[in-house]
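Next, two complexes with subunit A in common: one pairs it with subunit B, the other with subunit C.
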Partner chain A sequence: MSLSQKKKKGNQAQSKVFPWLFIAPHLVIFSIFFLIPVVFGIYISFTDWDLVSSPNFVGLANYQEIFTNQDSIFYTQLRTGLTNTFKFVIFVVPFCIMVPLLIAVALNTKPKLGKFFQSLFYMPSLFAISAVVIIWTLMFNVTYGPVNKLLGTSIPLTSTMPYAWVTLVVVTIWWTIGGNMIIYQAALNGIPQDYYEAADIDGASSLQKFFKITLPSIKGQILYTLVVTTIAQFNVYGQPLMLTGGGPSDGTRVLLMYIQQNAFGSGQSIAGIASAMAIVLGICIMIVSAIQFKFLRTKN
Partner chain B sequence: MKKRQTSKIVASVFLLVMAVVWIVPLLYGIFTSFKSQSELLREGARLLPIDWVLANYQELLMDNTSTPLVRWFFNSLFIATMNTLLVLFVVSLSAFAYSRLQFKGRDKIFTFLLATMMFPGVVNLIPLYKIVDMLGWVNTPWAMIVPGAAGAMNIFLVKQFMDNIPKDYDEAAQIDGASELIIFRKIILPLIKPILTVITLFTFTGSWNDFLWPSIIFNDIEKMPITSGLQLLQGMYQSKPTLLMAGALIAIIPTFIIYLFAQKYFLESMSLSGGVKG
Partner chain C sequence: MRVKKFASIVLMVGVCVSILAGCGNSSDDSKSSGSSKGGSNEIVFWNPFTGPDGSNIKAMVDEYNKTNPEFKVKNVSMKEGDMYTKIPTVVNSGKNIPDLNIIHAERIKQYKDNDMLQAYDDALTDYPEIKAENYVPESWNIGDLDGSRYSVPLDIHTSGTYYNKELVEKYTPNALDDNIITYDEIKEAGEKAQKDDVSALGVTWMKPILLSLYKQHGGELSSDGIDPTLDNSAMEDSIALWKELYDSGITTKDGEDPYQLFVAGKVMFYPEGIWMRNDVNEAQFDWGLTNAPQISDDLSKAVNWSSSHQFVMFKNENRSDEKTKGIMDFLEWVRTNSLEWAKAGQNPATLDLLNNDEYLEMPQSMFINDPAMQETLTIFDYKYNGYVSEYMDAHALDVIFGKAEVSDFAPSMQKEVADKVAKDNSNK
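Now for the complex of A and B:
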C-alpha cells in the first residue's frame, strides 16, 4: 500500500466518526433536555404524580377531571385559564402584526432619523418582562401615573374590567413589536422598485400600491410572523402575573399561571393534573399553528 | 414625485407619534429612578425630577443584605454568558456537520430536529424540572445554562447561512491537505461571524430575560438571576416605585450593550433569514 493510499484510507475512517463528534454535543443535550422530557411529560399526564414520589398510572383520570368533572376546581381552572389565554391571543396578535407592519412601511420611506426610530421601537424587546412590567406599573399607577393623568380618570386601570385587558395588550405590544418590525423591513427592502414606478405611471394611489404591491409581496413573511407570534403569545405568563395579578377576579388569569401554580406552587404538587393541562395547552398551540400553516400553504 | 413627498410626510408624522408613545415610558422610568420617593408621591406625573437624587441606586447597590441586586446581576451575567458560549460551541459544530460533512442518516436527523421545533415547549416544563432536580441542578446556574442549548432553531439558522458559502472553499483547502477541523476553524468559522453575532444577541438576551423557568428552579434568593429578583422586589417594594425603577434600569443595561455591538450584523442577517422564510 502506498503512502498516499494509506493516508486516504485513514481519512475515510476518520470521516465516518468525525461528523458524529461534531453533532454529538448537541444531540446529547437535545436528548436529555428535550426528547426525554417530551416523552416523560406525556406519560405523567396519565399519572397522579406529585413531583416527589413515583408516579402511578391513572389512565385518563386527569383528563376526565379537567374536562368533565364540573364540581372540580381543576375543571374551572382549565376553562378560565384557556378562555383567558385565547382571549389574550385574539386581542394581542392582530396588533403584533399590524403595528410593526405600519411602522416598517413608514420606515421604508427612508425618513430622517430612520435608524433612531428603528432602534427605539426595537429596544423594549431587549428588556425582561419583569423590567417592562415595573415601568408600566408606574405608568398605570392611579395616583401618580401619567396615563391616568392624561386620561383624566381615577379608575385603577390594571384592576378594572375591561381596562385590565387593554393594559395587558398595550404593554405586550410595546414590548414585542421589534422582531416582527425587522422582518417586515427586510422583506420590504426586497421588493423591486420597478413595481412601484410602473404603478406610478398607471396613476395608482398610495393605498392601491400598498394593497396591490406591498402586501402581496411580503405575504410570506406576514404569515410566518403570524404563526410565530401566535405560538409565542399562547405562552403568555409574565404580564398577567405581574401587571394585573390575574385579576380582577381571575378575569385575566391565564392557563400557564394555573399550570405553574398546580405543579410548583405552595402546598402539595399536583403535577399530574398540571401536566394534563400543559398537554391541552400544547395541543391547542399545535392545532392553531397547523391551521395557520395550512392557510399559508394554500395561499402560496 | 409630489405624491411621494406627501406619503413621506405622512410616514414621518406617524413615526413621530409612535416614537413618543415608545419613548415616554422609557424616559419616565429613567427619570423616576432619579426622583426621591416623596417627590414622586408629591409631584405625580411630572416627567423630570425637581431634585435629582442617587439614593435609589445607592440603596440597591450598597445595601446588599435586603436586596442582593449586585449578586443577582452577576448571577445573570454568569448564566447568560455561559449559556451563550455553550450555544455558540454546540451550534457551530452541529451546523458545520449538517451543512458540510457527509454521513449516514444526516438528512434524516436534521429533518427530525426541524420537526421538533414545532413542538410546544410548555409540555416540557414539568418533566424538565424533574430531570434538572435529578441532576442536582435546582438552585444552580446549570439548570439554565445547559437545557438552553437543546433547541434546534439556531442550528437551522447557522446551517442556512453556511449553505450559502461556496463548497469550492472547502475543496481548495482539502487539496492543500487541510483536515475537516482546520476547514471548520480557519475557513468556515470566520465566514459565519455575522450569524453567530446575531445568535449571540438572541441567546444572551433570551437567557438574561428568561422569566418562567428561573422562577421554577430558583427559590434560594442569593442564587437567583436578576429577572426573578426584580419580581421579588416588586412584591416587596410596591410602595417604593423609585427603587424598583432603578432596579429595572440596572437590569436592562447588559442586553442593551450587547445590542449595540451586534446591531451592525443584525439587519443584514435578518434580511437573509427573512428572505429564506418568506
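Now for the complex of A and C:
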C-alpha cells in the first residue's frame, strides 16, 4: 500500500470516528436522561409498580383502565387532566409566539432605551418558576395585591373561573417572553435591508412589509419556536400547582399534576397508572408537533 | 493541523469522561447523602426539616456530637417531597440507605407492610428508658405494629387554635374559661364582630380541621384499616358546618390571607398548627393558643388532630450492630435533651420535658402537660391517610367557598380513595 493510500485510509477512518466523537457528549446525556427513562417509563406503564415491590407485568390493564373504565377515578383524571392541558396550550401558545414577535419587531427598529427594554423583557426567563409564582401570587392577592386594586374588584382571580385561566396565561407569557424574543431578534437582524429599501421604493406600507417580507423571512424560526413552545407548554406543571392549586374544582388541574400525585403523592405510589398517563401525554405531544411540522411545511 | 485534531480528540474524550464520572457514584457522594457501609463511624440521619425547624434539629445534632459519641450523627435535611421520593429508590437499590430517618407517623404502616422497616425490638433491650411510660401515648403507640416496635417518636405536633385575646375579651369574654372554643361560641362571637369588620374564624388548612370534626361526629377513616369509610353523614356534617359558617359571613373570605389578617388583628380565631408558633409571634398583640374548634365543650370528647415525626431505620443488611447501638445512644440522648426541639414550636414526644420549667412556659405545652389533654391528641393512622389528605387538600376549600356541592364531597372522596386503595398490592 502506497503512502498516499495509507493516508487516504487513515483520513477515512478519522472521518468515521470524528462525527461520533463530536456527538458523543450529547448521546451520553441523551441516553442517560432521556432514552433510558423513556424506555423504563414505557415498561412501567405495563406493570402495577408501586416504586417499592417488584413490578408485575399487567399488559394493557393500565391503558384499559384510563381509557375505557368509566367508573374509575383514573379515567376521569386522564380526561380532566388532558383537557386542561390542551386548554392551557391553546390559550398560551399563540400569545407566546405573537407577543415576543411583536416586541422583537419593535426592538428591531432600534428605539431609545432598546437595550434596557430587551433586558427587562428577557429577565423573567431567568427566574425559577417558584419565584415567578410567588411574585404573581402577591400581585393577585385579594387583600394586598395591586392587580385587584387596579381593577377595583374583590374577586379572587386565581380561584375563580374564568379568571384562573387568565392569571395562568398572563404569568406564563410574562415568564417565557424572553426566550422566543431573542430568537426572533436574531432572525430579524439577518433579514437583508435591501428588501425593505426595495419595498419602500415600491411604496409598500409597514403592514405590507411585515407580512410580505418580515414574516416569510423568519418562518423557519417561527416554526422552531412554535414546536418548542408547544412542547414546553404541554409540560405545564409549576404554574397551576402553585398559583391556582389546580382549582377551582379541578378546573385548571393539568395532567402532569395527576401524574405526579399518583406516582409521588402522599399515599402509596401508583406508578404504573402514572406512567401510562405520562406515555399518553408524550404521544399527544408527538402527534401535535408532527401536525405542526406537516402543516407549516406543506403551507411553505 | 494534527495538533489541533489531537487537541480536539483529547477535549472530547475529556468531556465524555467528565460526564460519565459525574453520573457515577463516588464514595464521597455516598458519604454525603447516605451510607450503606457498616464500618463507617457516622450515622447518616435523613429528615424533612428544611424550614426554620431545620436549624433546631441541626443544633440538636451538633450538641449531641459534642458529647464525643462513638458514632457521630451526620444531619441531612431535605425537602419532604424529595425525601419521600428517594426512600423507595435507595431502599430498593440497597445503596446509600440512611442509617436513621425521620418519617411522619402516618407512613409507618405503609413502609412496614412493604417490608422496608427494621424493627427496634432487639435494639431496645439495652435501653430500658425508651419505653411507653416515658412518651406521649398517642405518639408511642403508633410505632407498635403486630407486636413489634418500628419507630421511636421525636414529637407529636398538633393543630390547635390561636386567638386574639383582646378580640375574644371584647366579643366572647367567657368562651375560653374552659379552654375550649366551640363552633357555637365562634358563631355567636362572629355575628357580633361582623359590624366591626372582624372575622371570627380564619379559613386555613382544612385537612386537620375536618379530620378532627369528623371524629367528633363519630366518623372513622376505615373500619378494617384498608377500605375507606368516608361517605357518611359524619363527613357531610363536618364540611357542611364550615360551609354554613362561611355563608354566614363570619369567616375570612375566599382569596384572603387568614394569617396576614390574624397578625393584623382582624381575625379572632386562627386554627393552625403549633409549628406556626414562632411565626405568630409577629403579631403585635397578646395572643393565646387553645384546642382546635370543638362541637362540645366537654374535654373528654375533644379531638385535636395530631401527627408525629418518628425515628425509623430502613432495612439495611450492612448496618452493623455497633452502629445500631450508636443510633440507640442518640435516641436515648434525644429523649432527655429535647428542649431545643420545643423551641421550634413543637411538642417533643418525651415526657422528660415535663420537668423543665422553660418548656412548661411555652404555649404549646398545654397539649402535653395534662393527661386529659394528651387524651385529646389523635393521629389518624389509616394506612391510606395520604389519599384522604390529597383529596381534602384539593377539594375542601372549593366546597366551603361555594364552588362545589357539599353533597358531592364525601361520596367523591370515598370513590377516589377506594379506587386508589384498590391499586395497592402490598400486605393488606
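Criterion: the second predicted complex is superposed on the first by the 263 of 300 C-alpha atoms of A that agree within 3 Å, B and C clash if a C-alpha of one lies under 4 Å from a C-alpha of the other, contacts with A are read in each partner's own complex, and residues count from 1 in each chain.
We take it that a residue touches a chain if its C-beta (ideal position, glycine included) is under 8 Å from a C-beta of that chain, and two chains touch if they have at least 3 such contacts.
Note that the structure is predicted; figures quoted are calculated from it, not measured.
Chemist: State whether subunit B and subunit C clash or fit side by side on subunit A once the two structures are superposed.
Modeler: Aligned on subunit A, subunit B and subunit C clash with each other.
Chemist: If we overlay the two complexes on their shared chain A, which of subunit B and subunit C does A:Tyr144 touch? Say first, second, both or neither.
Modeler: both
Chemist: Based on the superposed arrangement, let me know which partner A:Pro25 touches: subunit B (first), subunit C (second), both, or neither?
Modeler: After superposing on A, A:Pro25 lies in contact with both subunit B and subunit C.
Chemist: Tell me the contact category for A:Ile135 with respect to subunit B and subunit C: first, second, both or neither.
Modeler: Once the two structures are laid over each other on A, A:Ile135 reaches subunit B alone.
Chemist: Check the residue A:Ile231 against both partner chains and state whether it touches subunit B (first), subunit C (second), both, or neither.
Modeler: first
Chemist: Give one of first, second, both or neither to describe whether A:Leu102 is in contact with subunit B, with subunit C, with both, or with none.
Modeler: Only subunit B; A:Leu102 stays clear of subunit C.
Chemist: Of the two partners subunit B and subunit C, indicate the one touching more residues belonging to subunit A.
Modeler: B
Chemist: Based on the superposed arrangement, let me know which partner A:Phe34 touches: subunit B (first), subunit C (second), both, or neither?
Modeler: first
Chemist: Tell me which partner A:Val58 touches in the superposition: subunit B (first), subunit C (second), both or neither.
Modeler: neither
Chemist: Of the candidate stretches 166-174, 202-210 or 256-264, which in subunit B collides with subunit C after aligning the structures?
Modeler: 166-174
Chemist: Which subunit A residues lie in the overlap of the subunit B contact set and the subunit C contact set?
Modeler: In subunit A, positions 14, 22, 25, 29, 32, 51, 141, 143-144, 264 sit in both the subunit B and subunit C interfaces.
Chemist: Going by the contact rule at the top, pick out the subunit A residues touching subunit B in the complex.
Modeler: 14-16, 18-20, 22-23, 25-27, 29-30, 32-38, 40-42, 44, 51, 99, 102-103, 105-107, 109-112, 117, 119-131, 133-139, 141, 143-146, 149-150, 174, 182-183, 185-187, 189-190, 200, 206, 218, 220-221, 224, 231, 234-235, 237-238, 242, 256, 259-260, 263-264, 271, 274-275, 278-279, 281-282, 285-286, 289
Chemist: Which bits of subunit C are touching subunit A when the two form their complex?
Modeler: 5, 8-9, 12-13, 15-16, 19-20, 23, 81, 84-85, 88-89, 91-92, 110, 114, 116, 253-257, 260-261, 383-387, 389-390, 394-395, 397-398, 401, 403-404, 415-416, 419-420, 423-426
Chemist: Could you list, by residue number, the parts of subunit B that touch subunit A in their complex?
Modeler: So the residues of subunit B in touch with subunit A come to 3, 6-8, 11-12, 14-15, 18-19, 21-26, 28-29, 32, 40-41, 43-45, 47, 89-91, 93-94, 96-98, 101-103, 106, 109, 113, 116, 118-131, 146-147, 149-152, 155, 179-180, 184, 205, 208-209, 211-212, 215-216, 226-228, 230-231, 234, 241, 244-245, 247-249, 251-252, 255-256, 259, 263, 266-267, 270-271, 274-275, 277-278.
Chemist: Contact residues on subunit A for subunit C in the complex?
Modeler: Answer in residue numbers: 14, 21-22, 24-25, 28-29, 32, 48, 50-53, 56, 72-74, 141-144, 154-160, 245-250, 253, 261-262, 264-270, 272-273.
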